[in-house]
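Common to both upcoming complexes is chain A, partnered first by chain B, then by chain C.
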Partner chain A sequence: MNPEKAPASDPGAIEESRLQRLEIDLAARWPVGIFIGSSLVWLILGSLLAIAASIKLHDPAFLSENPWLTFGRVRPAHLNIVAYGWLSTAGIGIGLWILSRLCRAPIRDNRSLTLAAVLWNMGNAVGSWGILRGDSTAVEWLEYPTYAAPFLLVSFAFVMLESVGLIRRRPPGHIYISQWYIMAAFFWFPCLYFTAHGLLVLAPVQAPAQPPINWWFAHNALGLWFTPIGLGAAYYLIPKIIGRPIHSYYLSVIGFWSLAFFYAWNGMHHLIGGPFPAWLITASVVASIMMFIPVITVAINHHFTMVGHFKKTISSPALRFVVFGAMCYTLASFQGSTMAIRSLNGITHFTHYTIAHAHLGAYGFASMVFFGSIYYIMPRLLEREWPSRFLIRVHFWSCAIGFICYFVFLSWGGILQGLEMNQKETPFLEIVALTMPYLKLRTVSGSLMTLGHLAFFVSFFWMIASHRASIGEPTLFTKRIPDPDPIP
Partner chain B sequence: MIIAASIVLVIMLLGSVATIFAFSWAATHQQFENLDKAAESIFDADEPIGSATDAFLTATHES
Partner chain C sequence: MTKFRFIFIGFMLTFLSSWVGLVLMPVWGLGNFKQTADPKTGEMIPPTLSSLEEEGRSVYIANGCIYCHSQQVHPARVRTDIARGWGERRTVARDYMNQEVVQMGTMRTGPDLSNIGVRNPSETWHLLHLYDPQITSKGSNMPPFPFLFETRKKDPENPAPNALNLPPGFGPGDEFEVIPSEEMVALVAYLQSLKLSSYEIPEAPAARIESFAE
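Moving on, here comes the complex of A and B:
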């Protein structure tokens, strides 16, 4: 729809609404800006470590002289840095901003949130340094050493306090679906992280109980932390950007509550074939198939809301990334449910197919939605436009093409790997040799994605350093309200 | 082992209770009513339905 078709409103209400949003964005500027800005530093670091780990898979001698850069350290450092440094840091910033906007309440204590951002980054710095120096806990997805946890705990306590405060200060009435998703994520993550950290690192339970707890945590980190933040962002940004309410709000409610009630059972499908009670895994397989319910509701909503508006992805960088991410969410979730089926799992388990799937969720969906969210949020936080359309294009196309290649190559290589691993007569080294071309293509694809990240990084900090005031002189966005008293 | 299992059990029970509480709170506080109107709650007077809020300008503004 074009802006000319917007219904006429009372000029006083328009001005009041504009001023309220300005106040909200101004209050969020420092804490949200620090969370988002620092997440980009982790994104670049995590990407470089990813390339190093990827090269080592087909060239094991690469950087192997330095113990800090051996595969056993670089790979978990990459995983934790992108999970907690990039995705979590950006997710907190994006979640807080959307909550503040939807609660129509400014962040009240931006000093404690700024401190939270600093502490969160200190936790990530200490944790990644710990992994690289050899202090990894060796628990997948929880490799940060114990001494990083207090920073994360205190920081998240501040985030939770402020998010509860925002919800309490909202005007009476309906809580929008994005608020439900984001608030739930802000409660689920600390429960997951600190329970798993306590039971697997601080006071480890007996060995047989560790894998179920590990995969309860690792799977839920994706589904009950990154996913609700990403979905909350998509449910806000897609309708907001195109100016059209979501296709079916009823379905969005069903989707949220079915995720809340059933997702936590999913993680045990990672243990199919392992020495665990059959009922435990079967319950998880059933819950995984039940995930079709929330996924279909979200898919219908995101894609039907966009019907007739896909052309706007040409002109809106935020929408382009978010829609790409929403499509990947549908694909990743359908794929994830099918991977829980025992017969298919027998082929894909322990192969690169699983790695491709994890990246479809964490990168294709979550990261792309977060990129889009940042493109939408930052100009509003800073009252300043993105400096270069070219860099945004480089960012999108490098990440999109790089990721699609990454996913296709690694999935294909993973299926071949799994089929061969099920042939008892095939020597293992032959299977390793079979995967080599796909691992090299993975390095190339990952490098392309990193190029996109570098373009984003440059664009972001160029935007911050630039003093080009955009008020009254928009560069990138069509809808700007002229400032009655523009800064000369 | 028993202590650890108990901790997990307590956390899972608390989580379940919290989820059920949130659901019942939503049901009793009109969160499942008038949902079509609720979908419009993200729009404001100056960013109403029908107003796109994020798009590039024409090529003349290329940086």
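Moving on, here comes the complex of A and C:
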């Protein structure tokens, strides 16, 4: 099931396939380039806001004079900017490019898609400005005020139209699993956003019904939007880079349908113990446990495809990021299922443990896979190579080490916080004092992650700015290619 | 699989199932509560918020209090909410019916505020706490909100009656006085109105039993 497998024996066919790929990349250059490039600007902004919010949690007087920079605005601004500015913007670009390659159809209307990219960025700019000036909706994951929503939805309509066009123009035959995931994500996300924004912000339903809709949306923003794009990208890139088909076609199908069904039902585990009917919460607890099915099938497929080829992560930056991300996906999902179990949720709910878990999914998995995808896509899109292997190395190690520290410290602090919160004798301020060292360590690890992002940012815009044509040889971690296969 | 249309119909149907279960059913089941009369006083409960309290909730929303404070009391089976005095019973759905945008929250960097109006009704305490949490709760990591107060030169002849009585070591000094802004007054009124699980709505007795189940 190797995507885009060209008949290897016929030189004419190989040349034709190469020209087709060039045509596809040329058509995608502007829209995909703008989506990916602008996502990096949001990544940096989101990281700076994250550091500010993190410092405020152990040094509350930090930047507290200005209402625009109070914790309760900086934190949602961080979340929305990384979710819609970084992950979604990069996700749309990556999704469109992979779809276009897998459909073997160039993007036809790259003008409207370029407009979509501009509108999407305007939506994010207006929305995050709105949060900071005090117009946040305080609906978690949906803080962008209503005046940002039309930009996002109109932009997304263009993306959906083009994606349908790509699917319709594909040559007849097999549809690869990445196409399923990406198409599904492109349809699920607007349905999620439209429903939740309408029922929670535009014309709010009565208050007791709001949290279920809120967490149906917020959990699915990860589960039915970032996850399918990330999985689609990993399913595309792992076999492409190591040059062998995925482990099992049938498992990938089971993985897709079980994810589509169970993930959508997951969100209510954020409401365990709250004022809701038991069936509602139980439905989500069951669905969360059932997530073992899609996660195990995807884990088998990703990791077993890699078996025997791990040495390629020594040389290929794209592969190293994607494999790191795929491993985090497995971990995040296993952890998420256990966190839905009522007794464990009794410790972890309301604590920093949940924040650490959210970062394992959104950062360890989605962001790392997107980094890898961008390393793979950009040289093809621009016909240029990455300018510096040193910067890529800084990017990977800062982010990987920074993130592992972030996750370990914050989870540990969260468990202590949860255990103490369940001791009625422990005064609340003692719990605050107990979490302090972990909150400080979080600022340190988060700063390390931001250093990696800066290296990525410099690397990316250096590549754009340099007029040097392709040197013909990919920028790999090792100078000598350790394998006779051509490694992209 | 070679026909995209079947995949499309399939993944939209799985999505629709969750839409029906987790959006439509909650709207039907939890979206139509009515006030009831208090068995003792005959007043309608849970009470409707005053316009000042509504305004205070906008300040609460704009400044993101929800990111550290929950507004939900959990049953005693798992958590110590009730033992900590955060409410005398768990909160039930009807308790929230007059909150236009619910602020139930998912994080407890700070304590739960469901019944802060009962637990701490003092306006003075709230004003000092919001001006600088270190005054009332040393070691707290809650941010101060100086921008919701006005600091101005004190007229020694005619000091403002609503100026904060700050303890030594806090505030801008003796020559100045600190006055709560209108937004701050509204915010404190909203906090004082938070008595979510303190009303005798019909579900209250059952909620109370469940609160002490084990």
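Simple rule for what comes next: the second predicted complex is superposed on the first by the 462 of 488 C-alpha atoms of A that agree within 3 Å, B and C clash if a C-alpha of one lies under 4 Å from a C-alpha of the other, contacts with A are read in each partner's own complex, and residues count from 1 in each chain.
The definition used in the following text is that a contact is a pair of C-beta atoms (placed from the backbone, for glycine too) under 8 Å apart; a residue touches a chain by one contact, two chains touch by 3 or more.
Remember, predicted model here, so these are calculated numbers, not experimental data.
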**Prompt:** Is A:350 contacted by the first partner chain B, the second partner chain C, both or neither?
**Reply:** second
**Prompt:** First (chain B), second (chain C), both or neither: which does A:244 touch?
**Reply:** first
**First (chain B), second (chain C), both or neither touched by A:422** = second
**Prompt:** Does the superposition put A:388 against chain B (first), chain C (second), both, or neither?
**Reply:** first
**Request:** Check the residue A:276 against both partner chains and state whether it touches chain B (first), chain C (second), both, or neither.
**Result:** second
**Message:** Contact-wise, after the overlay, does A:236 reach chain B, chain C, both or neither (first, second, both, neither)?
**Reply:** first
**Message:** For A:202, using the defined touch cut-off, is the partner it touches chain B, chain C, both, or neither? Pick first, second, both or neither.
**Reply:** neither
**Request:** Mind sorting out which residues of chain A both chain B and chain C touch, each in its own complex?
**Result:** 173-175, 184, 187, 191, 195, 199, 205-206, 209, 213, 253, 257, 260-261, 264
**Prompt:** Which bits of chain B are touching chain A when the two form their complex?
**Reply:** 1, 4-5, 7-8, 11, 15, 18-19, 22-23, 26, 30-32, 34-57, 61-63
**Request:** Please give the residue numbers of chain A that touch chain C in the complex, ascending.
**Result:** 56-58, 60-61, 64-67, 70-73, 75-76, 134-140, 167, 172-175, 179-180, 183-184, 187-188, 191, 195, 199-200, 204-213, 216, 220, 224, 253, 257, 260-261, 264-265, 267-268, 270, 273-277, 280, 283-284, 342-343, 346, 349-352, 354-355, 421-424, 428-429, 432-433, 436, 439
**Prompt:** Mind pulling up the chain A residues that touch chain B in the complex?
**Reply:** 1-3, 5-7, 9-10, 13-18, 20-21, 102, 173-176, 178, 184, 187, 191, 195, 198-199, 203, 205-206, 209, 213, 236, 239-246, 249-250, 252-253, 257, 260-261, 264, 312, 315-319, 375-376, 387-390, 474-479, 481
**Request:** Spell out the part of chain C that touches chain A in their complex, as residue ranges.
**Result:** 1-2, 4, 7-8, 10-12, 14-15, 17-19, 21-23, 25-27, 29-33, 60-68, 70, 72, 74-75, 78-80, 83-84, 90-104, 106-111, 133, 137-148
